[in-house]
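This is the structure I have questions about; it appears just below.
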Amino acid sequence: MSDAPAGRTMYAALELLDRQIVDADGCMAGKVDDLELEASQDSDGLPVVVAILSGPGALAGHLGGRLGRWLASVQRRLREGPDTGPARIAFGAVKRIEDHVEVALPRESLESNRGEQWARDVVVDKIPGAGHAPE
Amino acid sequence: MKKLGQITLGILTAMGGFVDIGDLVANSETGARYGMSLMWAVLLGVIGIVVFAEMAGRVATVSKRAVFDVVRERMGARMALINLFASFFINLLTLVAELAGVAIAFQLASDVNYLLWIPLAGFLVWFVIWRMKFETMERVFGLMGLVLIVGAVALVKLHPDWMHLWHQASHPSIPQGEGTPTYFYYAIALLGAAMTPYEVFFFSSGAVEEKWTRSDLFVNRSNVYIGFPLGGFFSIMLMALAATVFFPRGIGVEHLGQVALPTTLALGKIGLALMILGFFATTFGAALETGLSCGYTIAQYFGWQWGKLVKPRQAARFHLVVILSLVVAVLIGITAVDPVQITEYSIVLSAAALPLTYFPILVVANDRQYMGDKTNSKLSNTIASFFMVLLAIVAIATIPLMIATKAGQ
Amino acid sequence: MGTAPGVARLAGLVVACLLCASCIKTISPARTTHTYLRKAAHTAEVVVSAVETARLVAKSAGDGKAFGPYTSVMLSEQEEQAGQAQDTFESVQPPNARSDKVRDHLGTLLNKVSDQLSALRIAARRGELDKLSRLARPLRELSKKLNKFIENPE
Amino acid sequence: MRLSELMGHEVVTESGRVLGKVHDVYLVQDGPMLGEWGAALRVHEIIVGKRSYATRLGYDRRDAQVKGPVLVRLLLALRRARHVPWSAIREIGERIIVTDDAAP
């Protein structure tokens, strides 16, 4: 076993993966479906976490197997425009990691929020009372 | 004083909200068929749901995370997705049963076929979810469900041989001509009726929706420790009514209407009217809970905004899932599947699927990183571990028993 | 966790088993006198349940204890219940001459029950709740006979 | 590279000994600065074991935050995972190949 490292430590799968993402306004904005690792000169050639991947594209890769392939094919069919890979949140936008992962952006600006916008614009907004909190 | 009032209200709500179509059907059915000799299964189920709901409520209160959030995070995306399929399917089946229950309550009051009422019931459930505040919704139907207490009055008025009922309960034996597998099949049904997973999805999501904090932990405990066992009292009451009136006459319960019959015999029109009102309140309340739970489980798995605290347009996918679930449930309901059969399947499968949600909650309730000093005590861990073993056995035994007994025939 | 495909297969198997379990309910042929008698007794049990329920409902309604809609729903339900049991039983092939006798005996009883339950339902639908007690009277005797049949189907 | 490309992969030593699968990745916050977040999380070790489900459930954590219930711990304790430092990794492909000193 290696010597105790300095700085905050974290188990990626246990404490980061599959956790709730909360946006700048406190709204729930998807899950941490995968992490993007990158080794660069800045990091002395060691891999560091550079982005959170969120949304069905990322989840499909994480699930793997038949389930993952199925989800990926559903996602391909629903997608408009060219494949730009799974929705990405740069790790620099992460504010805090506690029980939730807080990001400093509103969810409207996240690519992974497109499904939510679709459900809102196409269905929910057309029903009377969608803009009022329940009383 | 205000706090005390709130706690009482919470207890009463939990008590009225405990009963749903599964409890109405399973307790009357088993009471009619086995007398009181399956009462132990109800008691076991009540203790189980107390342990389970208390943990889920505590985890939700301390960590602000509802059950399916925890399930995904601990079991990983893959296992949790399979869990989601199973939980959602059972939830939907329960929703169908509850909607049919609401429709049958309307039918008993109007003599118009229940199939015609199912779409209306579905619409009303959606409307309440869309418009009514969480707390109001929970209170109104929980408290209305308390009218079932009329059954207890009826039981006293029927002058049952209490010693005989007690003997059946304390010396459980399988009546002549009944098979052992069938007996245990119904024991599982009773366990599933008391411990339906949606209750825990709803309860924990509710704790998050109502923004419970550590100071509310006492409310959580009192709701669970007092409210649920009192709800269990209704279950035993229904069983005793059936054991008194149906068991000696060889009557089997095949229709929800029969559940009101003993009370009608004892108390006449008022008794009947209150029973039907009770059916409506409990099944409608449970239809709200299962309808919401359909949305909760999926939204919590994918991390979408959920809940009734925000405007519907801010939780668009959640509301879309709830609407679609209700539509599908109504469509299944109007195919004239036997509501009692659907209810039975839903509670038996609920029992089989329990370890899927129970286990992750048990683990997280022991995680100090979330729970701080509010982790499980030794005592609650001992009881919880006992139930984990029991539920594992039940899960393994359910499907073979279902096949061997041709679903309890 | 790597066990997922196994679990998925297991889930598939469970669903398949459930489908089978729900199909098993359909009638199967009776090969021996013994199984035939068992089916006959089971039919009688279901009909006794319907008859006894109908008696209780009729009594409550006759005493002014139940509403019209409830009475009418419950009585139609019992008629249907007994009718279904009868249909299922009559479609079972009796294996030999000995079972023919059982079939005739139970058949006669079931026909009488069916007539009485129909009469009850008709009266309830017409709102003639005061007639129900009288109409239900013959059911008592029929119920006794059915119970005797259950104890000794021959 | 994605985290999912490491997770669940089989790990073998250069001499061909199978160590198990990757159950988790241990991160240390000492990388280059990234916007609001601060120092990046660097991959420090991979956690490898045969059927070490305890890791994913949190029972294997260094700070021992999850303890009870005894029954669960006993069931899981049979399979401990080992920490393999990133520097021991020689090749990442279908399998992850590590140096022999990672498996004492």
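Letters A, B, C and D mark the chains as written, and numbering starts fresh at 1 in each.
Heads up, the rule we're going with is that contacts are C-beta pairs under 8 Å (C-beta built on N, C-alpha and C of every residue); 3 or more make two chains touch, one makes a residue touch a chain.
Just so we're clear, the structure is a prediction, and the values are computed from it rather than from any experiment.
Visitor: Most central chain by CA mean?
Guide: B
Visitor: Using the stated contact rule, I'd like to know whether B-D or A-D comes out ahead in C-beta pair count.
Guide: A-D
Visitor: Report back the single chain whose CA centre is most distant from the CA centre of chain A.
Guide: C
Visitor: Taking the mean of the CA coordinates per chain, how far is chain C from chain D in Å?
Guide: 62
Visitor: Measure off the straight-line distance from the CA centroid of chain B to the CA centroid of chain D, and report it in whole Å.
Guide: Between these chains, centre-to-centre, one finds 41 Å.
Visitor: Rounded to a whole Å, what is the gap between the Cα centroids of chain A and chain D?
Guide: Taking the mean C-alpha position of each chain, the two centres sit 22 Å apart.
Visitor: Compute the distance, rounded to whole Å, between the mean C-alpha positions of chain B and chain C.
Guide: 29
Visitor: Chain D: which residues touch two or more other chains?
Guide: Within chain D, residues 8, 56, 58 contact more than one other chain.
Visitor: Could you list the positions in chain C whose residues touch two or more of the other chains?
Guide: Residues 1, 4, 8 of chain C each touch two or more of the other chains.
Visitor: Could you check chain B for residues that touch two or more other chains and list them?
Guide: Within chain B, residues 75-76, 78 contact more than one other chain.
Visitor: Mind pulling up the chain B residues that touch chain D in the complex?
Guide: 74-76, 362-363, 366-369, 375-376, 378, 381-382, 384-385, 388-389
Visitor: If we count contacts the way the header does, which residues on chain C are in touch with chain B in the complex?
Guide: Residue positions touching the partner: 1, 3-4, 7-8, 11, 14, 17-18, 20-22, 24-25, 45-46, 48-49, 52-53, 56-57, 59-60, 63-70, 72-74, 77, 81, 147.
Visitor: For chain B, which residues count as touching chain A in their complex?
Guide: Interface residues on chain B, with respect to chain A: 63-65, 69, 72-73, 76-78, 80-81, 130-134, 136, 299, 301-306, 308-314, 316-317, 319-320, 323, 370.
Visitor: Quick one: in the complex, what on chain D touches chain B?
Guide: Interface residues on chain D, with respect to chain B: 56-58, 65-72.
Visitor: So in the complex, which bits of chain D are touching chain A?
Guide: 1-4, 6-8, 23-32, 34-37, 39-45, 47, 55-56, 58, 61-62, 83, 85-86
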